[in-house]
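Supplied in structure tokens, the structure appears directly below.
Residue numbering begins at 1 within each chain, and the chains themselves are lettered A, B, C and D in the order written.
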Amino acid sequence: METNRVEAFSDGVFAIAITLLILTVDIGDIRGSLGDAVLRIWPSYLAYAVSFLTIGIMWVNHHTIMRHIERADRTFLFLNLGLLMCVAFVPFPTRLVAEFIRSSGDRATAALTYGITMTITAVFFNALWNYAAWRRRLLRTDADRREVSGITRSYMPGAPIYGTATLIALASPIASVALFAAIALFFALSSTLFGRDETA
Amino acid sequence: METNRVEAFSDGVFAIAITLLILTVDIGDIRGSLGDAVLRIWPSYLAYAVSFLTIGIMWVNHHTIMRHIERADRTFLFLNLGLLMCVAFVPFPTRLVAEFIRSSGDRATAALTYGITMTITAVFFNALWNYAAWRRRLLRTDADRREVSGITRSYMPGAPIYGTATLIALASPIASVALFAAIALFFALSSTLFGRDETA
Amino acid sequence: METNRVEAFSDGVFAIAITLLILTVDIGDIRGSLGDAVLRIWPSYLAYAVSFLTIGIMWVNHHTIMRHIERADRTFLFLNLGLLMCVAFVPFPTRLVAEFIRSSGDRATAALTYGITMTITAVFFNALWNYAAWRRRLLRTDADRREVSGITRSYMPGAPIYGTATLIALASPIASVALFAAIALFFALSSTLFGRDETA
Amino acid sequence: METNRVEAFSDGVFAIAITLLILTVDIGDIRGSLGDAVLRIWPSYLAYAVSFLTIGIMWVNHHTIMRHIERADRTFLFLNLGLLMCVAFVPFPTRLVAEFIRSSGDRATAALTYGITMTITAVFFNALWNYAAWRRRLLRTDADRREVSGITRSYMPGAPIYGTATLIALASPIASVALFAAIALFFALSSTLFGRDETA
């Protein structure tokens, strides 16, 4: 299968999942004034922004992978489908975090669900790239050797970092969620500040 | 009509339907702890994964069809529209299965609805391909004769297999649903393990 | 603006609106068995199918327009936006018809809302085409004169037919809705049976 | 990253956000007749139309930007992601305005939320364009100097105008919302009446 169709389909799922995040932001049945309701759901806005940024970063990374790929075999297709299954799942734990982060009894569950989703996503990301890059199986013949190993190195820490942030939820759910926000922000800002020329 | 526009539109519907599946996963009004609620809806996760995989496989097959087509006439367009109508319908029975598979009185209905949807989808798939391939009506002139009859043979069992899995719901709804999961998994894994070079 | 971007954006809205129709099909809070609930909402399935077919036909027609257009000016862009606004609106009256067609007191309102939506859509369709075709304003220089006037003639009856079907809702809502179903089916079947070569 | 992928992804988000606006139009639980309910929610139709037009205009402007861009660096990508985050957010305040504009106690909150969303969106628009156009950083080498400064001038008033309309909500929420409607309509009509050749 030509990679451009896989890329277009994946782009579609990324774009839809990222836009469906807005369903996370919901005032529910309001008691009292609308002003109170709109302020009360501030975790929704944060959760929306963090997940939006995170899916956005994943989309950028997905393109980095696709740019180095020459062809897609069926294993690649199904690993990619697994990845998309995780990405499309993100609105669910995002909503849990938005709704329950202020409930002392339930915030650990919400943060864990969020973290587990992100960690599995990161694992699929690594699997997709490593499957394609292993002995240059699916890489373009002109893919730069140094760039390829640079990608491999830069993707490696994703799953362990997300896994650690997830485990932190057992001790402090709020620290865990804050860490996910910080990771997304760090990536966005650091690449803005230092990585300007990478994608030139 | 150029086939690439039909393909892009179909890709859009596949991508949206597959991403809307997440609306299937919903904790509803929780009683007790969030932890209980998140665990209690485990059939939702399974149903989400099975339908995601199934639509994903259909998308791969749809591309196989489109790759061999040179042009689309109106009959083809409307058969394709019928197929998309089924694909976009999948979130509904998926939700039924997710919600009612544990209700002994209602799980047969849920499984039957799921099975009937899948069977009709398979029928449209066969109709679409057979209409196009009949006397090479819409095929590309360079479409390989052996490959074409190989596709015809491999698509043939789809509707009967799905129909059988549907009928099994009358005796055992859970066996029926498990069979749909097994079919999806088998297809994904078998083509991963044995079919690696098919789409090279 | 290049027409291919307008077409891609429009295709996106068509694909999303057509897929969102599934939100029309909803068993709501069930009383009694799931079997009863699934059968009870049969108008939802019909409404889903009719609106799916209708939007599908509109998408085919939209392509016919775009195929003859060389460039898009701002008036064209905003007429097109108006058309898309109507298409994206269709899930709302579809849901009304699905829910209220069996309520003797409310079915007239549901059918009227559906009919008015469809009629306004048809008006925008005519406006879009006539604006583009008027003195060949935006047409491709190689657009066939006979084909162009054929399209003008074939689009002309759309709004009056839909308008008539809408007015019939005042006398008999069910006849009105049946007429919309018949129009969609007639178009799909007639072009399937007689028009096979048109889009070759 | 090639700009055409950024453009396709952005188009996807615009198309989905604009189509999801229909979820704003909802009769809720009806008391009394359906006819009353359908008429009672007239603010929903207006809010739907205004937001649809506004997102549509943003989409047109986004293309104007992309047409002058040669390449996208990471800062551009994340500014664009910020813009999309705002666009995808629009359905939420649209729903608030639709539901609460007739509630004297809550309409100020609804109008403010709407206005703030629009103002932040306009700020991101300016940031995106100015980042790209600053010393022609990302512009195509053949981008016309006069046209570029024309775009800069025409985008400049966006944020202040939206900001003013937002502040007006503190005095009169209805005037504020009417102003947003007027801005959208003015833009659509003025460019239709006077700007016909701009995009030729």
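One rule holds for everything that comes next: a residue touches a chain if its C-beta (ideal position, glycine included) is under 8 Å from a C-beta of that chain, and two chains touch if they have at least 3 such contacts.
Note that the structure is predicted; figures quoted are calculated from it, not measured.
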Hopping only between chains that touch, the fewest steps from chain A to chain C number 2
If a chain touches chain B and chain C alike, it appears here: none
Suppose you list every residue number at the chain A-chain B interface; are over half of them used by both chains (same) or under half (different)? different
Taking mean CA positions as centres, which chain lies farthest from chain B? D
Fitting the CA atoms of chain A to chain D, what rotation angle results, rounded to the nearest 5 degrees? 90
Averaged over CA atoms, how far is the centre of chain C from the centre of chain D? Could you give it in whole Å? 26
Centroid distance [mean C-alpha coordinates] between chain D and chain B, Å: 37
Listed in rising order, chain D residues that touch 2 or more other chains are 8, 12, 16, 20
Can the chain contact pattern be summarised as a line, a ring, a star, a complete graph, or none of these (other)? ring
Contacting chain pairs, sorted by label, are A-B, A-D, B-C, C-D
Help me check something: in the complex, which residues belonging to chain C touch chain D? 1, 5, 8-9, 12-13, 16-17, 20, 71-75, 77-78, 81, 84-85, 88-89, 91-92, 96, 100, 103, 105-106, 108-110, 113
Which bits of chain A are touching chain D when the two form their complex? 7-8, 11-12, 14-16, 18-22, 25-27, 33-35, 38, 48-49, 52-53, 56, 59-60, 63, 188, 191-192, 195-200
